[in-house]
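Should a chain be cited, it is by its letter among A, B, C, D and E, assigned in written order, with residues numbered from 1 in that chain.
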Amino acid sequence: MSDILLSLSGVHTHIGPYHILQGVDLLVPEGGVTVLLGRNGAGKTTTLRTIMGLWTASRGDIRFEDQVITKFATPEISRRGIAFVPEDMGIFTDLTVSENMMLAASNGPIDEKRLSWITDLFPPIGTFWKSSAGTLSGGQKQMLSVARAIIEPRRLILIDEPTKGLAPAIIKSMTDALKELKETDTTILLVEQNFAMASSIGDTVAVMDDGRIIHAGNMQELVEDTALQEKLMGLTLEVHQ
Amino acid sequence: MLTKLLSGDTPRSRLLTVILLVVLVCLAFAPFLFPGTKSLETAARICIFIVLVASYDLLLGYAGIVSFAHTMFFGIGAYGTALALSATGPSYFSLAWGTLAGAVLAAVFALAIGLFSLRVKAIFFAMVTLAVASAFAVLVSQMSWLTGGEDGLNYKIPRELTPAFKLVKEKVLDVRINGKLLAYYLVFFASAFLFLVMLRIVNSPFGRTLKAVRDNAFRAEAIGYRVVWYRTTATVLSAVMAALAGSLLAVWLRYTGPATTLSMEIMIDILLMVVIGGMGTLYGAVLGATLFILAQTYLQNLMGIASEATSAVPFFSTLVAPERWLLWLGVLFILSVYFFPSGIVGRLRAGRA
Amino acid sequence: EDIKIAHVYGKTGPFEAYAKQSHTGLMMGLEFATDGTMEIDGRKIVVIEKDTQLKPDIGKAVLAEAYGDDEVDLAVGPVSSGVALAMLPVAEEYEKLLIVEPAVADSITGENWNRYVFRTSRNSSQDAIANAVALGQEGVSVATLAQDYAFGRDGVAAFKEALEGTGANLVFEEYAPTDTKDFTANAQRVFDALKDEPGRKFLFVIWAGGGNPISKIKAMEPERFGVEIATGGNILAAMKAYKELPGMEGATYYYYEIPKNPVNDWLVAEHQKRFDTPPDFFTAGGMSAGIAIVEGIRKAGSTDTEDLITAMEGMEFDTPKGKMMFRAEDHQALQPMYHFKIKVDPEVEWGIPELVRELKIEDMDIPVRNQ
Amino acid sequence: MSDTSIKPRIEKVPLSEQFFQKLPVMLVPLLALAGLLAIGNPASWLTLTVAGLAMGMMIFIMASGLTVVFGLMDVINFGHGAFVAIGAFVGFTVLAWLAGWTESPSVLLNLFAVLIAILAAMLVTGLLGYAFERVIVMPVYGEHLKQILVTMGGLIVAQQMIYVVWGPDELHISRPEAFQGSLIFGEAAIEKYRLVAVGIGLALFLAMRHILQNTKVGLLVRAGVENGEMVEALGYRIRRLFLVVFMTGSALAGLGGVMWGLYQETITAHMGSEIMVLVFIVVIIGGLGSVEGCFIGALMVGLLANYTAFLAPKVALISTIALMVVILMWRPQGLYPVVKAK
Amino acid sequence: MTKERPILETRDLAIRFGGHVAVDHVSCSFDRGTLTAIVGPNGAGKTTYFNLISGQLAATSGSVWLNGETITRLSVPERTDRGIGRAFQLTNLFPTLSVRENVRLVAQAKARKGFDLFSIAESHIELLERADHVLSEVRLIDQADQIVSALPHGDQRKLEVALLIALGPQVLMFDEPTAGMSVDEVPVILELIQKLKADMDRTILLVEHKMDVIRTLADRIIVLHNGALVADGEPAEVIALPIVQEAYLGKAPAEPGEAA
């Protein structure tokens, strides 16, 4: 098994008076795609936000590349090479598409080659390069949000439901893109409801419920074991959606 | 019965209930509990400002509209009553028609401003009202033949409401039972009534809709609410209430001028009272107005004491000299937003949970 | 029993500087008139201070408090005319004296007057008339610039009326909004009106509060058209701006070097000694009020309001400005004013108003307006 | 992929629509032209126009800080007026020390003195801006109402501190020798000081435009206002950036204060708050966050005020407000909205 | 079945943003009691088409007809009054209010009680009951007292649907109702839509990217591409069209029907 890039051990997160994460233990191996599953309200988004430092863990450790980043400020965490695609896409609607991309390239000007790779994957990024990002369609915003995260090489990308609102063709490009990134040594932690997509690229999987990880293991095992699916998620998942 | 009177909007915190009751009792028996001119003045001011602040909260806390023109409506009410009393003599009839005219004029103005400019974005509306209000203040000072200009208007009110009218010869409980007392109770009961009316409005389906419009006007339209009309109605209602508060002030002070009704300073005071008390709950208006006016009235006295006590410390004593009371008022502005981010009522209610 | 006097004035707010002077003056006046004993006929004088915060409603409330709760014998103040007007009915209601100082609105001793009101400060007509008398000569053309509100318009009206007898000719009245920042347009209009007039040409400016039109108009070089700027006197801080205007003429209410009398000598000397600055406008005013109070109570022999009114109507008293007299009809103190011309001395921070001529009470015909 | 590829159809935009989009740039010249037609006399027109433009520049200098803070950072800073006043007081104090230089007829020495005064004022107001942001503004980002209140509190405190430090009297200083009086062309008079203001205003305008167009600062601030978390997640320290921008805004207010103070010659603790409504109007007319819009708005306000004061003094009172209303009716977001208003 | 007049119709409907034609002269009509799926690539103009029908955007040209009357010039709330309702693609709720209050407000709008100034809102029991009924239908009743902004994303999506169901208009427009919903919740929503469809009075327009959902629910599919209507017909035959296979599903045209 490869090295562990990111690990959470016993992470608790409180939001105001609510105790949301109740001891999350999660290992994300380097260079692979880890999929985080779970029903609505299980705490998936909260987990990603806690890693990113947007919520602060009240207990437990988050370790990234041998460094404990639990108490780091968000920009610090980001600068260690972690990118984030939030659930609500986090588009700057007042800015144009190009400005959104420019800000995402925080280490200098945009790498042209990478950009053309992205515009091939997501043609609207190129088409609407000078338009205000607020006027994009739902799916186009989703593409922009992912595009921002991959405009520069990163160590780890946290992605929260990237396929919602995307047309099947684009889901395909996105899957391809994530696969390509995997090749280039980028680790991905993916939250996804589209099990077909998740199972096609996931290496490992973790299932959450009520703020805890209730299952962790190999993706292939879960795909094959419908009984386990039934147990974890209350119904079997059709692999071909 | 009581909850019905309060429109089902109970204070929802034991401490808050107690505080509100104390305020109520103090205001209801102010002339007897705190004899003296100054305390009666303060109590009347508190009553009037409770109405004024509550009417502003109707707009701000419920409809989410930031307006700087609230003092303009307050002023229209006050000038309406004042002009009627000076033009047609100190009769109840003048009082009535002046008040009515003020309220109607305020409503018309609010309607015009609302229909005209509530379509623009919130912050622009705020600035438009700021500009309109300052233009109105200038207009009032220019039309001195009517309004007395900067100097304002002095007038007489019906004799039964003045100190000259004595109900009982002797003092009762060391208090003169005279027209001034009657005037106070007029102010008190009118304020209480207006407050209850507003409490009903904010707890009505209309009030709930306002909250929805504030939260997400776009969605409110999509489920069938005509947002501009709701906002405009809220503006009109709040303007009318402010105008009525203005009329009460005009009767109580027997003087109306720009500095007592139209100034930007009062506008800011109102804002602060709303925020200290807690936005989006009319009980906040009660607490905000009471506390702020008490502070405004007695801060200087306190500082006088402080500066005597510290007269040995040279720089500090100049800071607490009574002339510097505004400095501390400014500090109070900042601190109150710090310590009561959701207002006192928000604080008290959260403490309960 | 002590004699209680309330000083009700706007201690805080934009007129803080005036307020300080006024209070110092009042205390020095009481001290001077009682020869430092602060007693009249064996009764001690106690002064209570109340802050109106420059707000009419608060002014009313604190005055009522002073009369009603503190039971003062009489009250002095306030700074702002608006506040003063709101306070007048309170005096009537409590049937106690209010000595207005230094508020200037005509209507205080005009239409809004009541018999409990006396005023030691000058009213705005006195200012305007004094200036008219100072500037008005045969063959002179005058234009005015004033704020476009009651104070400005009344001032110009009084000025115009007084100018009528002097042979001078008022050719143009310009009014600008109170918050005007740029006077280019107003100056241009005035120049256009004056430039073809023969003889001496004045632009007379009546401007209260901020804005400072004079230096801005001066920057446009009115000399080009032979136009001279004229305006009334002001407090010392404001007269720093007069340093740019050597030779400017006008009439003033007070300047510490002008009046020659023992009261003023004492005031200037004591003020220099205590505060290291010369006394100013409102110091002199406050002192006049203090002296008036002491003289009035002495003359009446009591602090009973009716006695005081009887005593003070027509009373003459010596002030830093020389003799003043409460006119019986409207209780306005008639007083001399001073026609000045600005001299610049590099050693002095402000433009010095040098006396051209003292305008005696008899020189000015101040109308009675309370009926 | 040929006919199935995703390529939206682009139509030509009608000319009239294009024209209306470009119109704002033309407004100032159009207004000046209208002024000439209405006034008739070219000398009067020249005097008024130059004066109006210079007044516009001074308003722009004061508004520039506000358009950055209010427009980009979405902070309604009523305390801006206090910074203007403090800037003026500091500047005057420095100029009083440098009286030798200001009273000399040398243009260079005069300019130098003014420059030092400006730098001192900007330094002090910038530092005060630091304190203001940390203590007063930081807890209330995103909450307009509270911003209004705390900054109003800050304004009162700052004004009172001016009283404590400089005393209650107004302060007077004469303009440096070389900037007094006017240049005379026939019957037209152009005040020298106004030319200085035009120079400084133009320089500031160009500098700000350059910075906002060629660096990420403007973008980051706007993005940070909309979604601070996301900007941080992209690796930027948004708080620090906000602080720097706020300090810059305050320092610009200080600059505006010196310029305005030297124009007024007499300054009071209230001078800043008196002009705030006007400054807010200019920022609104310009469109939130737009330096160009603010610039055009300020010039229009300056010109229009002078023209109406000359032609119809009664109207001058409401000319600015009327202008704002008309502009907002035409463009509800102001001339050049950079930021969508909340 | 006799051919009724269509309940909703767009004639030559178009909108242009600057030069970009986002909806390109779409003429289409929808019959009572049918469910039409609208598919198309991202940015095809589906949401914009909805916006034009419900009035959030004003058309550059063309017209919208409801029950034989044109509603092109009406405002959003006026169209809502006439029976057009929609849910949004990006969640769009009243974030600081409780879940129940969100639904109650819709019920109140439907009952036209918004301008009732002097009664107590809580005393209108029927509105509260209606709200609770809808909430149990979408399985949100346990969260009824929560503040919406603290709701997990999937539950917000459910609430979005609940609001439209509570409004119960003649024409219902769903914009990707199940996006972001977890797998166990999707069937609940689909069942609800099915139920609405069974009620023969309603007309449903559904934007959805999940082909299996479309296949189970839709009577008809229309395809938008670059703003233009490029296909219209029975689900099976439309899905088989090359343009759909290629541009939308991203498949080589040679493998028809494989998407099962």
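In this section, a residue touches a chain if its C-beta (ideal position, glycine included) is under 8 Å from a C-beta of that chain, and two chains touch if they have at least 3 such contacts.
All values derive from a computational prediction rather than experimental measurement.
Enquirer: What's the overlap between the neighbours of chain A and those of chain B?
Expert: Output, common partners of chain A and chain B: D, E.
Enquirer: By CA centroid distance, what chain is farthest from chain A?
Expert: Max centre-to-centre separation from chain A belongs to C.
Enquirer: Among the chains, which one keeps its Cα centre farthest from the Cα centre of chain D?
Expert: E
Enquirer: Mind checking the centre-to-centre distance between chain C and chain D? Centres are C-alpha means, answer in whole Å.
Expert: 38
Enquirer: Let me have the rounded angstrom distance from the C-alpha centre of chain C over to the C-alpha centre of chain E, please.
Expert: Here chain C and chain E have centroids separated by 75 Å.
Enquirer: Centre to centre, by mean C-alpha position, how many angstrom separate chain A and chain E?
Expert: Computed from C-alpha means, the inter-chain centre distance equals 29 Å.
Enquirer: Can you work out the whole-Å distance between the CA centroids of chain D and chain E?
Expert: Here chain D and chain E have centroids separated by 47 Å.
Enquirer: Using the touch definition from the top, which residues of chain D touch two or more other chains?
Expert: 5-8, 163, 317
Enquirer: Counting only residues that touch at least 2 other chains, which ones in chain E make the list?
Expert: 41, 43-44, 247
Enquirer: Residues of chain C touching 2+ other chains?
Expert: As it turns out, chain C has residues touching two or more other chains at 16, 148, 177, 179.
Enquirer: Sort out which chains touch which and give me every pair.
Expert: Those chain pairs which touch are A-D, A-E, B-C, B-D, B-E, C-D, D-E.
Enquirer: Quick one: in the complex, what on chain C touches chain D?
Expert: 14, 16-17, 20, 148, 174-177, 179-182, 184-186, 188-189, 192, 210, 212, 215-216, 219-221, 224, 237-238, 240-241, 243-244
Enquirer: Going by the contact rule set out above, which residues of chain E touch chain B in the complex?
Expert: Its residues touching chain B are 54, 56, 75-77, 80-81, 85-86, 88, 92-97, 101, 104-106, 108-110, 113-124, 163, 167.
Enquirer: Can you name the residues of chain D that touch chain E in the complex?
Expert: Residue list for chain D touching chain E: 1, 3-13.
Enquirer: Would you mind writing out the residues of chain D in touch with chain A in their complex?
Expert: 5-8, 216, 219-220, 222-223, 226-227, 229-238, 338-340
Enquirer: Hey, which residues of chain D end up touching chain C in the complex?
Expert: These residues of chain D touch chain C: 44, 47-48, 51-52, 55, 163, 167-172, 174-175, 180-182, 184, 189, 191, 193, 263-266, 268, 270-271, 274-275, 278, 302, 305-310, 313-314, 316-317.
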